[in-house]
Every structure is written in C-alpha cells, then in structure tokens.
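I have a structure I would like to understand better, so I am pasting it below and will then ask my questions one at a time.
Order of writing sets the chain letters: A, B, C and D. Residues in each chain are counted from 1.
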Amino acid sequence: MAELYEELGLTEGEYRDIVRLLGREPNKVELGMYSLMWSEHCSYKSSRAVLAQLPTRASYVLQGPGENAGVIDIGGGLAVAFKMESHNHPSAVEPYQGAATGIGGIVRDIFTMGARPIACLDPLRFGDPASPRTRYLFGGVIAGIAGYGNCLGIPTVGGDIYFDPCYEENILVNVMCIGIMSKESLIRGQATGVGNAVVLLGNRTGRDGIGGASILASQEFDEKSQEKRPSVQVGDPFTEKLLIEACLELLEKKLLLGLQDLGAAGISCACSETAARGGVGMRIDLEKVPLREEMEPFEIMISESQERMLAIVEPRNLEEVLGVCGKWGLSAVVIGEVTEGDALKIYWHGEKVVDVPASTLASGPVYDRPAERPDYLDEVQSFDPSTLRHPEDLSQTLLRLAGGPNLCSRRMVWERYDHMVQLNTVVYPGSDAAVLRIKGTSKALAVSCDGNSRYVYLDPYLGTQIAVAESARNVVASGGVPMAFTNCLNFGNPEKPGIFWQFREAVRGMADAARYLELPVVSGNVSFYNESFGAAIYPTPVIGMVGLIGNAAHRMDIAFPQEGLAVALLGETLDELGGSEYLWLVHGMAAGRPPRLDLRLEKGAQTTCIEGIRRGIILSAHDCSEGGVAVALMECCCAGGVGARLEVDTELKPVSWLFSESQSRFVVTLREEGLPTLRELAKARNVQLEVLGRTGGDRLVINDWIDLEVAEMDRVREEALERIMRG
Amino acid sequence: MKVSVFVSPKQGVLDPAGQATLGSLKSLGFDEVSDVRIGKYITMRLEGVDAEQAEARVQEMCERLLANPIIEDFKVEIEG
Amino acid sequence: MKFGVVVFPGSNCEMDCYHVIDKVLREEVDYVWHQETDVSRYDCLVLPGGFSYGDYLRCGAIARFSPVMEAVADYARGGGLVIGICNGFQILLEAGLLPGAMLRNTCLHFICRFVDLRVENASTPWTNAAEAGQVLRIPIAHNEGNYTVDAGTLRELQEQGRIILRYCAPDGTVSEESNPNGAMDNIAGICNEGFNVFGLMPHPERASEAVLGSTDGMVIWESVMAHYRGRG
Amino acid sequence: MKVSVFVSPKQGVLDPAGQATLGSLKSLGFDEVSDVRIGKYITMRLEGVDAEQAEARVQEMCERLLANPIIEDFKVEIEG
C-alpha cells in the first residue's frame, strides 16, 4: 500500500489517519476513494480553517456555504440560489470540453437545490493575447461555454475577461449560475430514511475523467499533464437539459427527499456526502450502475462522467419517479438504499468491496499551512508612478486603452452566447451588471462578476476588498441593492508559504469588506495549484454579486440616454495610478500600490447612487473601474451614441485625473433640476459630487486633454477583440 | 491528388450525437443497429505533391488542425 | 384563439412562447408534448426554438420523426396555421413542410443579437398587420440559419411572394452586409404555398414586450390573430 | 457487421466549414491544399443481417435520417 498511497497523492500522515479511522488497513478501492475525497479539490483541507472567518449569515440567507449552492430569500415566497466554480485545469487541457463541462457542473449545482437556472456568468483569465496558445484557448473556451449554455437554454449574461501573461499556462475558467425557486422547493443533498432508495439518474458511466478533475485540480500543472489527456470528460448538454426538466418536475411533484449532483469523484463523493449530511449509512450495489463500457468497480466509483444525479426516493414513490424519468427519455436506476448507522458499504455482484464510515470520507483532514509574506511585495509596492514620463497626446492614449485587450468591448463574446433566452434579460451584457426581471413580480436581479487580480497581486488584502466593493458597485450602478455574494478563489500551490499568505490575506480582505458592507458569503469555491513550472498565477479571487431591484423600472444602464443632461462624478479622484491599466498598457508595468479603499466612503457613494436612482433623479450610472474616469466616460458615450463636453477643475495632472483608478466613484447623468437633491444626498454621506459638464454632440471633449469622435471610439472598442484574436 | 480524412471519436469517449442517432434509428424500426459513432469525413485536393509527401503533410494537418487528438482518432486515405 | 406550443426534448424557447401568448397576447395556450398525436383542437401551432435532440446529427433531423410531427403535417395539409421559429423552422424544413435546408452560419459560430428584417409580403396570415417594406427589429439566436435551396425553388419562392422576411439594414436596404448568416437571398422567413405554414429564424417572442427592447415581434402575433378572426 | 457511412456536402452546395478550414490550412502554410469539404463519417454495427440486407437497410437509414438529400450526398461501405 505504501507506494500506492503516495502515488494517489496521500501523505504518510493521512494514510495513518485512514488506518486509525478504520481500525484496519484500507483495501485498494477504499484507499482510492479516500485519496479523492481527501484531495484538496474535494476536502478543502488547506482552506477550510481560513474560510471560517467569512460572514455567512443574514436574516434572508436560507442556505449558506456547505451545500451545492447558497440560497437567499428575496421576498414574496421566492428564493435565489447561486454559486461560482472553477474549471481551470480541464479547460487548459481541452478548452472546449473543459469549459462546456464547467457550465454543466455549475448548472447542476443550482437545480440540485430545486431552483430553475436562469442565468450563467463566466469570469475568464487568459495569458498574453498575442500568443497563438491564448488565441486557441480563448476560442475553445468561448465556443465551449456557448455550445453547452446555449443548448440548455440558460442565458449567459455576464462575466469578465482579463489577459495577463501570468495566466499563459494556467488559464482560469470560472463559471457562475443563478437559479430561482419558490422557497418551499428548497431541497438539500441529504440522504434520509432507512430503507429509502438511492437512484442514479442520467447518463451512463464511462471512463471519463478517471483521475480527472480531483487529481488535475490538486496538482501543479506541467508536462505530465499531457498524459492525463485521455481522461477528458465530454459534455452532453442535451442530456443535461433533460435532467433539468426531469429533476424540476420530480421536485415539483414532491417525489424526492434528497438530490445531489455527481461531480468530482463521482459516485464516491455523491454517496458519502449525502449520507454524511443526513447522518445515515448507505448500501450501493455497484453492478447496477449503467455502464458505457466494461469497467472495474474502482473506476465506476470515481468516474466523473457528466450529466448524472443521485436522488433519494421513498419506495412508494419509486414507480412515479421512474415514470417521470422515462417520459424525459432518461435512464433512472435504483443502485442502493439508505441504511442505519453511518457506514458506506459498496458491493460488486454481492461481494463487499468497500465498508467505511461515510463521514470520514466526507470530512477530510484540516491543515493550518505556514504562511509568509512574499518578498516581491516590497519591491512592487515601492514603485512610485510619479517618476514616469507621460505621453503628450491624451486622446491617443485613451484610444489605446479603448482598444487594449483588457478594456475593449466584449461584444464578440456575449453575442456568441444566447443572452436573451427565457425573456428575463432587461439590461444586456455590456453594462455594469446584467439585470434579470423576475416574471410575475415587479422585481429584478442585478448580477456582476469582478476581480482585478493585479490589485490582489500588489496587495492581497486591499485588492480583495476592492473586488468585493467593485462588484457591489456594479450592482448598485444597475439599480440593485447588493444582497449576498459567491466567490471563486484561484491561487497557486498552498503548500508554499508565500502563496498561502496571499490566500490568507485575500480571505481576510474579503471577510472585512463583506462584514462592513453587510454582504453574506453564501457559497464559493477554491482552486489551488494554479501553477506551472513553479510559477503561480496572480492570486485571483473572483466575486459574483447578486443584488435585488425592488422595482424593475428602476433598473439602470451605463448609456448616456440623451443630450443636454448634466454629467456628474460621485466620489473623489486621487493621484492613484498604481496597479492601473494605464500603467500596464502604456508603461508595461504591474507595480505600485492599488488605489485606496475607504469602506465608509464606498458605502456612502453606493447609497447615494441607489437613492438617486430610486428617486428617479439619476438617469444613467456607471462605476469607474479599470481605465479610470476617462474610460468610464467613453463607455457611457459609446453605449448611448451620445457625446459630452466636460470641463474639469483639478489640481491633479491630467493623466492622473483621467486614468487613476480611484475607488468608490460613479459617473451619472441627471437633469439640471435633480442636482440640488443629489447634492444633498451626497453631502449627507460625505460623498463628493462634481458636475463635469453636459451630454450632447457626437464628440467626447474633456478640457483640452481629450477630443474624440464617439463613432471613432466606438469603432476602436468594438473591433479590437476580434482583431486581437485573429492574430 | 484526392485525399480523404476520417475523424472519429476515440474509443471510450462519450459520443452524444452517436447516441441520439442510435436512439432515433431504433425508434424508426432499425432494430439491428447496435452502436453508432459520428465523426468527420473530410475530403481535399492537394496539388504538386506525390503520394508519399501527401501522406506526411495530411498527417500533420490532422495533428495540427483537423482532429483533436485528445478526444479523436483519425485515418488518412490517399486516392491519387 | 387557442395556441399549441409543441415541446420536443431539447426545445428551450417553449416557455418563452407560452409566456408571450398567455401573458402578453392573453390568448389560450397549451404545451403539446412531442408524443401527442392529435392537435386538432388548436387554432395555431407554434414550433419553438431550442436544440431539439441537442441539434445532434443535423438540426431538426431527429425531432421531425417525433409522433407529433405526423399530426402537424396533417394539420398543415388541412390549412391549419403553423409557425416554426428558429429550431422550429429547421424542423419544418427537415419534415418537408417547407422547402430548403439550413447550413451553418458562414461565420461558423452562434449569433445572438437584434437584426433588422424587411417585410417582403404583408398580405399573409403572419404579416397582415405590417406594411410591405416595413422594417422589424427582432433578435436572432442560432448557429445554423444559413438558408439554402435549389435555384428552381428559389425562383418559385420569389415569384409566389413566399419570401416573407429578409435580413436588411435599418433603412430597409437588403445587402450582403446586412446578412448575418449567409442565407441565400437574405432569406429570414418563408411560407409554404398555402401561406398557412411559416418558418423564420428570428424570435418574435423575444421582441414582444417593451421591457425587452422591442415590440416589433407583436406584428406577427397580431397578424395571425387578426387572420384567425377574419380581419387579416 | 461493421458499416461506414460517408456523408458529404453536395456538389454546388456551400460548405462554410470546409472553406474556413481551407483558409486555416493555408495560413498554417499548407499551400498545396486546394479544396476542402467537410462531411460526416458515421460508423455503426449491425446485428443479425447479411451484407446484402445490411446494404439495403443502411441505404434506407441514409435516405430517411442520416443524410439530407437537399444538401448532402452519401455512400455506404459494408466491412463484414
């Protein structure tokens, strides 16, 4: 066994724990199951202790972390389930299938809770846009998300995309899904009731992903990954669509006691987790699992074949359950039953091959990893942008940013996604947050994904606070009150003290921002080992924020809606070029300190903006993020096809005013008569309000710094990504 | 020179299109069918190369573009 | 007026069509499961968009053998009103209820966006509420909307006024630049000889409420309702 | 019995995927390629029929389901 546990990625200590827990040596199948369930990917052994500091509760949180997805109450008997997940390594091996099955997995997490999936978002990180590898991966990932999501009839309504050389070998493919349900339909991944049937629904089992996700996601990525290729999972969105409909019908008819999707570690994981959550045991007859090809018991246990679900059903409902599945053309097979005690017993043609306490599989070890502040920080933080020589032609500089890979329009991406199906999308991609109406009510949801990892690299604590604040700000600019968020934490190898320090600081930043802004964290995902050849990606926490718009008529987008409106800037602009996109694109540097964040001012700016929107004063709103206020103004002009003439009175250097990424700012438009009220609202919260000028004309003019035709800016923004990807 | 390339899903890799087609054939009464797999049939013309060169070049095209070696097998036929 | 929205495994716009008929048109509507064999109780059948059978093999190729399709064919032969939207259009083509076939978009990827459509024939059950030459702004969302047909049939379609909608510029000009998918003659929607069967790639149900950005799709629903009530 | 079906775009029918692939091959430096057409390669197993029956049955499958005669041609090969 000695070589075997090592080969399976278990440590000697972990192996001894297993022997102690069992009171005997595990057999090969059992050992394989422990190795998967105790892998970083499934057990969160390095992150669990750190994540404990996140605030997860609020009066409206119906389900926090620990289930397949978080669930919040949005009133009127309705609830919203959402979660974000990573599919980084599989996507680096096979971008189309990796991204496609990523969508498949996160969507299952949502309908597993009893919710109908209503939207997906896809935060993506790629390497150098000039490299052929990036173009190949980009094309494959976008096509995979489109291929799978479009087929399901779930609109992909948002996301974000950054290009940075740090992701050259380790791209990030994070996916978020949101679902809606009546509060009563909430169901958990629990097995209950001795004698109840364990039913496997969906696709037949094959050798997909054997040693796949869990092993891939728990090891660094290098040449060896080539050998792992045959285990790639192939997605079948058609079967997934049938599963959604069948499961929602089963739940509506109240025929299920528990429902769990099969993800990493397949049947092993689904059975042990449902049994452990319900405090029961389970007996599985493995030969009953429908197979695509001949397989060993061990392979069946850990196969990651997609589009499968595990349901717990009372015997009296069995016939009806099988009937519903039959109607949808899905296979449904009883593979076992719930038993007394807490043992997971697995049989192969009557012979017992596994007998372990389910809870010991489901709750692996917990590590407190050593952390140490990495050395690079002093160096990058000591950089002072004021020593730089800035370009003279600021109009050209703005155009350069507009056509740069990180700031140009993402239209070519979202137009490949069906972002309209289900008839809920009332603010389309391209604004700050996407807005989804909730039919049958006056309400709507605003959703946004954010995470500028350059800030996090330069200051993990502050950078992660900014990610939370920015995500909330995007929701606010769209008229929503932020309610709760999910997240995906993409980091390097946690066994390295420098990486673990980044992780700890990032989570501390997230927790502090969440607590201050009163935003519970209801679900999330950790992806470690995003490294190749010893080099880690930037620490990349991604936030997925969900907000509620009480009256959908108050939804907001970024477009300057008409001529003759006052253009105002909420919030203060400081000399903060550190970590900016300007610094990166124009000077090729990722250095300095990220912009400051004063959470009190952030909250003040957000509530001012929301109040202004609710009172009908604010007619368009856009938060300022990468590229600063100049880029924000340009986006407002392009979105509405309306120019603006602005006079700025500032002590700052023009580049600083234009391109600093100071936080807690919104560009808004309003009618003249709304100004006094907005001034009062802002003043009461200590938020600066500066009127910059008026909308109108077909140019954006700012002092004698910027003078550009809206049509030209628009053309540059819109053509850039396609041109970059053509190479 | 006429060349044909046959690309098919690797053994063991899920082939949803094949499965759906099998189901449809059965429901149309073609009960004798037991397994369907759907791949690509690519034909092309090559100019100014002999059969041996063609073989090597097409092999390379398959590896680089026409097939996805992670999930697909391919074979090449030169018709001359 | 009573609508039936036909649901195939993999359809995904059936709820959208149902919603518009029920909540916007305020007409009666049922889902019709693909295994049903009697559709005689409906005044209009809607074959919605989506990915029936995953679009595997060819779009619409498997769905057209669903039991309901024989009933749909009989219904159409008897003059019943049938509208196929997107995948529904593809199914009607595969079933031979409309002529031609769909190839992949020339750009080789899925496109979801608003397009402009010129109404080429405004005296059909589906367009009588429009004026000839009127431009409608309605979204498309498909991978295979590149309509093709043999030259003889194309001429027939043209001569008999059976090309109902063509992709155009906002000012109504029909040109190569305004063709999103490569469709022959910019064809976005056609009818059968009796004009009771209509197939179109754009999604009128996505442009039937102001909150979604356009109500131009209502032209089609209002036309068929007017036709049914004898005013069309 | 193993059967292969080759479905290819009809002569004269546009083949967007084939054209795009030709373009990509050229840009990868495969200048000798002059025409690419992409169709389907379908393999299946038939049980309990002889070669002659198989031929007829598969012909029928193609006509009814596997190929669309408006845009596609097909040919059948029985391997026995």
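Throughout what follows, a contact is a pair of C-beta atoms (placed from the backbone, for glycine too) under 8 Å apart; a residue touches a chain by one contact, two chains touch by 3 or more.
These figures come from a predicted structure and were not determined experimentally.
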### Query
Is the number of contacting C-beta pairs greater for A-B or for A-C?
A-C
### Distance from chain D to chain B - Cα centre to Cα centre, in angstrom
9
### Geometric centre distance via CA averages, chain D-chain A, whole Å
41
### Message
For chain A versus chain C, what separation do you get between their C-alpha means, in angstrom?
### Response
36
## Note on the structure
Within chain D, the set of residues that touch 2 or more other chains is 65-66
#### Entry: Of all residues in chain C, the ones touching two or more other chains
53-54, 56-57, 61-62, 65
### Task
Going through chain A residue by residue, note those that touch at least 2 other chains and give them in order.
236, 238-239, 329
### Task
Specify the contact topology among the chains shown, as one of line, ring, star, complete or other.
other
### Task
Enumerate the contact residues on chain C facing chain D in the complex.
57-58, 61-62, 65, 94, 100-101, 103-106, 108, 146, 148-150, 182
### Footprint of chain B on chain C - complex, ascending
53-54, 56-57, 61-62, 65
### Task
Could you please specify the touching residues of chain A with respect to chain B in the complex?
93-94, 97, 203, 206-208, 229-230, 232-234, 236, 238-239, 292-293, 305-306, 329
### Query
chain A touches which residues of chain C in the complex?
9-10, 12-13, 15-16, 19-20, 23, 49-51, 53-56, 109-113, 139, 141, 143, 203, 205-206, 209, 211-213
## Note on the structure
Listed in rising order, the residues of chain A that touch chain C in the complex are 143, 146-147, 150-153, 236-239, 241-242, 328-329, 414-423, 425-426, 428, 437, 439, 552
